[in-house]
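Look at the two complexes coming up: chain A is in both, with chain B in one and chain C in the other.
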Partner chain A sequence: MLTVLVTGLAIGMVYGAVALVYNVMFSTSKVLSVTTGHISMLGGVFGAWFIINLQLPWYVGLAGAVVVGAVFGWLTDVLAIRRVLARSDEHLWLLSTLAVATMVQQGVGLWWGTEPTPFPRLIDQAFGAGMADQKFWLPIILAILMAIGLELFYRRTLYGKLFLAMSEDAFAARARGVSTDRIRAMSYVLSGALGGLAGFAAGQLTFAYFALGLTLTLNGFIALAVGGLGSNIGALVGGALLGLLNAYATYWFGGEYQQTISVGLLMVVLLLKPEGLFGSKRVRPV
Partner chain B sequence: MKFCNAKLFWKLLLASGLVAGSLAVQAQPIKVGWLSSLTGPLSASAIAENQGVELAVEEINAAGGILGRKIELLTRDTAGDPTKAVNFAQQLAFSDKVNFVIGPVNSGEGLATTPMLARAGVPNIIIGAIDELTDAKKYPRAFRMINTNMQWILTANKYAIETLKKQKVAVIADTSGYGTASAKSAIALLEKAGIKPVYSVLIDANKTDVMDEMTKARNAGADVVMPWTAAAGLLGRLINARGEMGWDVPIVGHPALMAAQIRKLLNKPEYWDKTYAAGYTSTTYLPDGKLPAPTQALVDKIRPRIGGGEIDITFWWVALGYDTVKMIEHAVKKAGSTDPAAIQKAMEETTNYPGVYATYSYSATQRDGFPDSGMVMNTANTFKDGSFKLAPN
Partner chain C sequence: MNTSSNRTRLLALVLGICAAATLPFWAGDQYQLHLAALIAVYWILISGLNIVVGFTGQLSIGHVGLLSIGAYGFCILAGKMEMNPYLALVISGGLGGICGLALGLPSLRLPGFYFAMATMAFALIVNEIILAQVDLTGGGIGLVGPLFTEPFESPSGFYYLAAILAGFATWMTWNIARSMWGKGLIAIRDNPVTAQAVGVPVFRAKLVAFVFSGVLAGVSGGLFASLQSYITPDTFVFDLSMFFFVCIIIGGRGSIVGPFLGTVVLTALPEMVASLAKLGNFFYGLLLLIVVLVIPEGIGRMIQLIYERIRPREIASIPIQPEPEKLHQVLRASGQAHAAIEVKHISKHFGGVAAVDDVSLTLSPGEVHGLIGPNGSGKTTILNLLSGYYEPSAGDLLYQNQDFGKTTVQQRARMGIARTFQKPRLLPELTVLENAMVGAWSESTSGFMASALALPHVGAEDRIVRERAVELLQGVGLGAVMHRRANLLDHAQQRFLEIARGLALRPKFILLDEPAGGLTSVEIEHLGSVIRAISKAGIGVLLVEHHTDFVFRVCDKVTTLNVGRMIKHGTAEQVRHDPEVIRVYLGA
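On to the complex of A and B.
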């Protein structure tokens, strides 16, 4: 049973990390980009490419994965968000980000291949360590560090406060002289870097696999919705809850119910507490 | 006299027209549509099959074609997508008006294209293993050259029960349509043999850790694990879990257990020991270390085409691809034309046609040409130059 707990928690924290990435993007643009999981997929694939194929040290691979994630985050803003938001208030970003996500997945499939490939060991540790294996605790620790880092960023830095200002009211922020386009682009670069980092930390668990993006996009969104949109602690709790529920459901009932239970959790939360476990009911005064 | 000459003139004109028409038909190429997923999922097998298909077409055309008609190969990359496969199948059948269609490669695509090609009346060489792809009544011109999924399962079950003498079976499959159906068939066949699996489970192919399932299998007392999935990631994780548990139990099942991709996913190479998969007589080394003569001859032809070194692709796919085109040659020669009804009759009358991959037989009611005798069990980690060693008996 301990294995179920640890494996469920590990993958749950990967979902939680993806939910954090959603939060960063959402704070400045009010967009839930379909590319979110694909950023992490790129982190895993490029991390493996840098370390295994190019024989670079793991820390260079890590830096490379973060840079690739950041660049893709920025491209997401340029290609799928900026012009759509400038022209329309409708939710066309759903289609534009879906298009970019699909193109990236296809491109990676053609370049990297469609079979899962191994991700290198990052720390010298023998296989057979069981629940103490780095593939489990690396994503758990990273997700917690990401959440703490983001909280500090929002509370202690000027740019963090600008993110919060845009999150509260982008029009008011713009009226006070904030360059909202630039801050939004920065948030996409930051979220890309964090997504790349999350994918890199989870690589040993997920393998470097081109089709991982959509799974992470969906499960990251469920974690976010369960925890509460905008809440970093909610993202982690939602992710952990989802991961554990999936793991125990598979353990007790078999894998055929895994997806049903994930989406069922989303439905239950949406019906009983639409703002999520840690979300706030925002009432806009008129 | 003048009248007679005019009559003769018209007769000669008619005769020459008929001869010219006949020659024109003779000169027309035989169009073969090749639905191949050269990119996307299962592209590795499609790329290997394509080597065999192209070689056979080149050989036949270099020898003057079939009944004086060259083969025109129309390759369409379906990328493993059933929608694309159907669109390409329609294009091949109705726009390109092909005489034959080979493929598609994936069973999922085949489920979509086979009924469509049957309605169009185009002879279809089936290379998907899922059992539902052939039916003498519903798809009379669809002839399968690959083995059926049931043959894989039967071969693996027989090996586990009769050769390894295992009675406590754990059946593990993925949650895809293929995995679910295969697990059901495998369990039914085991129960028919008097063995009730001690544990069975379906796992999402992307599940990141399978230690729980393997622990449950061990706790249930399993003495053999039989996975039914083509997902390399899941198979790699199952083998790794067994290794890290230090569980000394054989893994017996799907041919994907032997895939080169598995080797890369293993935490330690030795984790691959005691893993056996359903394979083929044609690509299994004989006791003297040699391959069967037809396979070796094809290996010698293919090797220069892929760089001249060691063959790093699973060779049975190449052999299957090669045989599909040679079977078309056989059918056209036997039928004397490319008339679909005549081709169907010629195929139905084909018995013991010697290919490289297998020796094929069909009948009026039999559309699965691959014989049970063409199946063997291989040791998974013995890949060498495209082929494998026989599993221990």
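On to the complex of A and C.
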């Protein structure tokens, strides 16, 4: 039973971390990017490639995964966001990020292969460690650290406050002299770095797998919507709920209907509390 | 529009049908015939999806799930249960429709990204269920796709079956596109607030369109299973959903020819060029990105733009020339209100702020009622309360002794309350005439399927709406620009078109939100004559306006507001000389 709890929490925190990445991008651009899960997929795949194929030490692999994530975050902004946001049609960003996500997934599939590849051990630890295994606690610790770090960043630093200002009212921020394009690009680089980090930390749990991106995009989004869009604590709680629900459902009923159950959770929450558990109600603009 | 392009289109249509009808005789080999049949099968799904994505603007990326349901339904019924394949195909369509309803009911209320994610999740769920229900679906091993019986058993026979159904689907979507439904769906896509204002039941209309696409996806799935002769869950990869979606986006939204060409090219191209097939989804993603960044309107629209570049149409500015007499007669013919709207002690609070506080007024038939006051005094809020965008915090809105304060925007439209917007909300890609026709939505009673099948009464109703819209446009002075796209109108023309759209509703009352804003003095004169013609025909007019001399000239009664409270109510003369009104608003 306890194993189920730990497994559920671990995978849930991976979803929670992806939800945090969604939040960082959303704060400055009001865009929910389809590429969010793919950033973490890249972190996992490139981490494995650096360590296994290039035989680099794990900390270099970690740094590499973060850099790859950051670069991809920046590319997302350049390719899919910058030009599209200038137009008025709100649906275009959904199409452009979907396009970039599709290309990345297929590109990695062609280059890396379509089989899930085991991720290397980062810390010397016997495989029989059970619940204390690093593959469980690495993502849990990381997601919590990410949430705390983001809160500190938003509250203590000038750039964090600029993010918040843009999230409140990008137009007003611009009028006060904030270079909104640059801040948005920065937020995408930051979210890319965080996503790469999350993917790296989750690697042993999820394997390095090209199709992981779409799964994370969807489940990270469910965690986000359940927890409440824009709330970092909500992201973690939503992720944990989703992970635990999945783990216990698998334990009791078998793993055949995982996706159905996840989406069921989303629909129930959206029906009862459309703004999510920790989200703020917004007045409907007319 | 003009006869020469109509003739070109007719010629292209006839040639296309001839080519399709004789294809089995000139197609090089069995493989090309298979490809042609595949295009037809895909198109059945895509033509329906096009109504959802291209017309209604709902980005569904999960239609592969509905295809899959149709395919498995067909295989189980016609194969395992040995049912008549044609009956099985019909049931597959029904299954697609039911699952479309089940998916659409919870998800179509959600905003764009949420909806897209829900549809994607739906496709994954369908695959999950198919894999789990081994007894029924064969699990990962799959099922045999049964053949149809004679005369559609042979490959060429199957091709004809698919082509006929594809032609039928195209015809239905074409009928929808040019009916009131097509305009209503485009209104949902381009301006949901306008759609509500003219009475389009937004959620229900989206749902109907989605279920329609589900039926076509189910039928397409049945044919697909038969054509592929064997299906497994791996047949219905997510790539296929991307493919459907990309065909439509590349073809261009609001078009039928564009997505069709997209389907033909994107089905055939990877089959002909092996390297593209290997790239698969990468290729679709790249195409999608290029289209979104470079030509978001799609290739169909680009061809139109190039055509307009080669043969530029005269878009000389034509001044507005209202014909008040004509307008009066058209409006006179549609019956007048007999009762007044009573606004009684109405308040609207936003949090702690009272935007409107205890305001009462009477809006009588045939009377022009002015509403003036400084910015932020609650004028537009009262308009939003009357047209149903806000629910009053306290007080009553009475018409014929019934409180309508809690009814929806659409119900107000049906009651006969029309409105215009402070910032014109037109449908930019439709013509002026079509924009005016949208206003008559609540008058048209044709159902979605009746429109799709072009039943006789639909055409008759459409003609009545069109004729009246033409007369109204001539009446407000836009007769000369009737066939222009609305995004080519100047500001004043947009304002007058808003009024014409409101009048198309056959209103008993019309609420005008700053109609004179940005107009020249000549245009304001025209506006005055239009408003007088409207009121003379027995329609009650509520006029929110800042041009006070204009208000005092055309209004019978004037109410002055300040910070949400009523400070003076009376005839224009009384209000104009009231010291309090002069102090807070008019100035000495």
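Here is the rule we use: the second predicted complex is superposed on the first by the 282 of 286 C-alpha atoms of A that agree within 3 Å, B and C clash if a C-alpha of one lies under 4 Å from a C-alpha of the other, contacts with A are read in each partner's own complex, and residues count from 1 in each chain.
Criterion: a residue touches a chain if its C-beta (ideal position, glycine included) is under 8 Å from a C-beta of that chain, and two chains touch if they have at least 3 such contacts.
Just so it is clear, the structure is predicted and the values come from calculations on it, not from any experiment.
Undergrad: For the three-chain model obtained by superposing on chain A, do chain B and chain C clash or fit?
TA: Here chain B and chain C cannot both sit on chain A without a clash.
Undergrad: In the superposed arrangement, does A:L236 touch chain B (first), chain C (second), both or neither?
TA: Neither: A:L236 stays clear of chain B and chain C.
Undergrad: For A:P118, decide between first (touching chain B), second (touching chain C), both and neither.
TA: Once the two structures are laid over each other on A, A:P118 reaches chain B alone.
Undergrad: Which partner chains sit in contact with A:Q258 here, chain B, chain C, both or neither? Use first/second/both/neither.
TA: both
Undergrad: In the overlay, answer first, second, both or neither for which of chain B and chain C A:V84 touches.
TA: second
Undergrad: Looking at the overlay, does A:L270 come into contact with chain B only (first), chain C only (second), both, or neither?
TA: A:L270: touches chain C, not chain B.
Undergrad: According to the stated criteria, A:A208 is in contact with first (chain B), second (chain C), both, or neither; which is it?
TA: In the superposed model, A:A208 contacts neither chain B nor chain C.
Undergrad: Let me test your reading of the model: by the given contact rule, A:L218 touches which partner, first (chain B), second (chain C), both or neither?
TA: A:L218 contacts chain C only, not chain B.
Undergrad: Quick one: name whichever of chain B and chain C touches more residues of chain A.
TA: The partner making contact with more of chain A's residues is C.
Undergrad: Just to be sure I read the superposition right, which of the two partners does A:M103 touch: chain B = first, chain C = second, or both, or neither?
TA: After superposing on A, A:M103 lies in contact with chain C but is clear of chain B.
Undergrad: Would you tell me the residues on chain A in contact with chain B in one complex that are also in contact with chain C in the other?
TA: 110, 256, 258-259
Undergrad: Which of the residues in chain C end up touching chain A in this complex?
TA: 57, 59, 61, 106, 110, 112-114, 116-118, 120-122, 124-125, 128-129, 131-132, 193, 238, 242, 249, 278-282, 284-286, 288-289, 292-293, 296, 350, 384, 389-390
Undergrad: Name, in rising order, each residue of chain A that touches chain B in their complex.
TA: So the residues of chain A touching chain B come out as 3-4, 7, 10-11, 109-110, 113-118, 127-128, 130, 136, 205-207, 209, 211-212, 215, 247, 250-251, 254-256, 258-259.
Undergrad: Please give the residue numbers of chain B that touch chain A in the complex, ascending.
TA: 39-44, 80, 174-175, 180, 201-204, 206-209, 211-213, 215-216, 232-233, 236, 240, 243-244, 246, 261, 264-265, 267-268
Undergrad: Give the list of chain A residues in touch with chain C in this complex.
TA: 32, 79-80, 83-84, 87, 89-92, 94-96, 98-103, 105-107, 110, 214, 218, 221-222, 225, 256-260, 262-263, 266-267, 270-271, 283, 286
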